[in-house]
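You will see two complexes here that share subunit A, one where it goes with subunit B and one where it goes with subunit C.
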Partner chain A sequence: MQLDTQFMLTTFLHVLQGIPVTLTIVMVTLLVSAPLGFLMAVSKSGEGKIGRRIIAGYVSLIRGTPVVLQILFLYSLLPTALNYWIKEVLGLSYNIFTLNPIFYAYVVFILNTTAVLSEVFRSALSTVNKGQLEAALSIGMSAPQAYVRIIIPQALVSALPNLCNTTVNLLKSTSLAFMMTVKDITAIAKIDASFGYNYLEAYLVIFAVYIFLCSAVQGVFHLTERGAAAYKKPAVS
Partner chain B sequence: MLQVKNVQKAFGENLVLRGVDIEVKKGDIVVILGPSGSGKTTLLRCLNFLERADGGSMDFDEIHTELKGASKAVVSKVRKKTAFVFQNYNLFQNKTALQNVMEGLTVARKTPKEEALARAKAALDKVGLSERYDYYPSQLSGGQQQRVGIARAIAVNPDVLLFDEPTSALDPELIGEVLAVMKKLAKEGATMIVVTHEMTFAQEVASKVIFMDGGVVVEQGSAEQIFTKPKEERTIQFLRRVLRDYDYII
Partner chain C sequence: MRPFHPQYILEALPQLILYLPVTAAIVIGTVFFGSLLGILLAAGRIRRGRVGRAFANLYIYVIRCVPSIVLLFLVYYGLPEFLNVFGVNINDAGKGFFVITTFSLLFSASMAEVFRSAYEAVDRGQREAAVSIGLTEFQAFYRIVLPQCVRVAIPNFTNALVNLMKEGSLAYTIGLIDIMGKGQLLIGQNHGSYSLEIYLALFFLYWGLTLMVEKGAGIWERHLTPTKQERGGVRKCN
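Up next, the complex of A and B:
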């Protein structure tokens, strides 16, 4: 057996064009999911019973089903449902089937990551000692001031390792976006491979690409962690 | 200056405070003694609304309020007139000593930054930490952390300082430095309510000693009165137990 190195090189160059697509999905998802997940984490520890139930149900629904299934389900449901809604309810003539499929990818990954992050933030908030809030209140801060200045900064630091995990997992899951015809890294490799059945070479190439991307993400988080946790280090003097 | 009447608090079935009255005058050093579970810490926390009492009322200078139904505005007013020193310091872990002290000024009281900085430095100097402005809590010893806690409390110029067992979490050799700071504040005329197990401190510094047991005030009076001629049987028993330590050496 011999690897077609020429094919691997051209595929690699093609795949590079998919990196921005993959990273865009990751960034958009994180930017939307982080605040949503945080709000959920806060309301989970809050008073509203009904809200808490709904959130708990949503989180266990998402975490209890495979991402592949969520993609298959939403990609079958959403376009037809949206089409019906636009044509019949709103009476517009917009053709939903021309919509860039990346938007469906956003929906799936946002739904998923929000659920994961709500748990990440909830556990991070619970690592901050209750005394921190009491101390802030006792010197006259309001509860929102205490959260913004004291609690959340500390919670974020302890959330960093889990945030790194979530981001890496998300980055890897985006490889499933090809199922929604999004032209990400994996999709490009598969298309290239299908012309001459060079699947093995194509997969080897994107193996390397994913390893590189994930390592880069971990590196960034590692540096952030080191900088952000400076206050935890005992003094040498 | 500060008076609370009939303070009641229950945690579930457990009645922790069963109608406690205390009165504090300006310049008083009130020491609250009592066995653990007697409700002294809960009482202190109710004064600052860290715990919400189930009943009772408060007169604090111009503020008159029920403890249970106190509005957010009243709670915030009371908190700005008091400052709390915690048993386990509760310094803001993500802030340096100086920032810990400044926070109550710049954020809660909108003090201009220059002034807040000067006051924070003065407070840290007073507790003997001029060399530790930029240290994080994790870089300080327990005694130093508690002194930052005291600096944070005095920097906001409170009318009443509340101490909740300030030396209970400290190694024995670090207790002295914290007590010294507290004595210094007492001498300067600060009004303090101190929950503590430090009997010598109570004897030397207190202008009034309150002995609590089972959620009520059993006896109160001057330090001399309580320590040399206690009237109530429970006080006598308690003092015998805690002072017995001096009779032998381990």
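Up next, the complex of A and C:
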């Protein structure tokens, strides 16, 4: 067995250019999904029966089907559907096929992560005693104030390990973005490999890069966890 | 906008269902080999031995960080070359072999955690009590500890199983023809048309499978829960 180390080095340097793309997908997805998932989690414990059913169905569908399938489906549906919508319904001349495919990646991963996060937040919110919300409201806070100042800081502590898991899983699923022609880590290495059929070396490089990225994510969450749990420690006088 | 024919979903479904046994075989094979490996890893983490524990921890950490598609291709391209060094030739092995190997490697990491947490959830006193009334070590494990472990493990195991089933759909990328692969073939045969209908059919299949597995696990768990109180109310395991 011989590995082309020269190839691995150049591919590694190429792949580094893909890291910002991967991280952008992860960040954008989390930033959009977190508030959406939170709203879903709150309204799940609310009254509206129909809304609750729809959310439960959505979460079940997303969590019950493979991400690849969601990617393939949306990537074959969205461009043509949007094209039709823009040209025929809105009457604009914008060419949707020039749109950066990363937007489709955002859509897929946001749909996916929102469903997962709504479950994460729901279980986190259920760890905070109901009395906390009632007490906050009774002293005259508005509901948003009560959530931001009282509920969320406490729920965050129990949500963080799951959030870390979700982020790691999201990071891993972004490796499928190459199916939507997004030039992320995996796509760059695959393109490099296809010139000389050096697939083994290319995948070893991706393997190492993902372990590095994943370790970084876990490190960040580890530090955040310590910060978020600070209020549980006795105050230093 | 391309035309959409809902009736094609119904036409595609029976053709896809024909390949359910392949998907099932991959899952069953993976559960078998992955669990064997998982038991070893869990033992490594539970036992005192430092080397075993360090290895198991490192393995689980690395597997947790690797996307399945990357591992799948690593195994597909790398394993034949790696084994060639030892004079073993597996270039003729079927695609299923590589798929089961990959997903066993992945599944074993989650199974190790399932086993470990289940083992630790059962109180030590149970084994001691069983041995003290004259059961042998094996009997105590088989009759007393194991059944309790199984019940605790079911929810986590179900989660791992559903994940495996979903990740297993990636097998088509190396050319295995399971339901996903057949779907891709059908789309190819139609020169790319009807793709939406076929993907929808696959959505129904996977969703149905997941719901069935979860339902079955729920029934199994209730079956193993001894008292009526526990069945209805909150489970009292830690």
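Convention: the second predicted complex is superposed on the first by the 221 of 237 C-alpha atoms of A that agree within 3 Å, B and C clash if a C-alpha of one lies under 4 Å from a C-alpha of the other, contacts with A are read in each partner's own complex, and residues count from 1 in each chain.
Quick note on the criterion: contacts are C-beta pairs under 8 Å (C-beta built on N, C-alpha and C of every residue); 3 or more make two chains touch, one makes a residue touch a chain.
Given the structure is predicted, the values throughout are model-derived calculations rather than measurements.
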**Prompt:** In the superposed arrangement, which partner chain does A:175 touch: subunit B (first), subunit C (second), both, or neither?
**Reply:** second
**Asked** Does subunit B (first) or subunit C (second) touch A:129, or do both, or does neither?
**Response** first
**Request:** Return first, second, both or neither, reflecting whether A:154 touches subunit B, subunit C, both chains, or no partner chain.
**Result:** first
**Message:** Quick check for you: in the superposed arrangement, does A:137 touch first (subunit B), second (subunit C), both or neither?
**Reply:** first
**Message:** If you tally the residues of subunit A touched by each partner, is the higher count for subunit B or for subunit C?
**Reply:** C
**Request:** With the two complexes superposed on chain A, say which partner A:232 touches: subunit B (first), subunit C (second), both, or neither.
**Result:** first
**Item:** Intersection of the subunit A residues that touch subunit B with those that touch subunit C
**Value:** none
**Complex interface listing, subunit B residues touching subunit A** = 48, 50, 76, 79-80, 82-84, 86, 88, 90-96, 103-104, 107-109, 135-139, 152-153, 156
**Item:** Complex contact set, residues of subunit C against subunit A
**Value:** 1-2, 62, 64-71, 73-74, 77-78, 81-82, 84-85, 162, 166-167, 169-170, 180, 195-196, 199-200, 202-203, 206-207, 209-211
**Item:** subunit B-touching residues of subunit A, taken from the complex the two chains share
**Value:** 129, 131-132, 134-142, 145, 149-150, 153-154, 157, 230-235
**subunit C contact footprint on subunit A (complex, rising order)** = 1, 60-61, 63-69, 72-73, 76-77, 80-81, 83-84, 88, 168, 172-173, 175-176, 186, 199-200, 203-204, 206-207, 210-211, 213-215
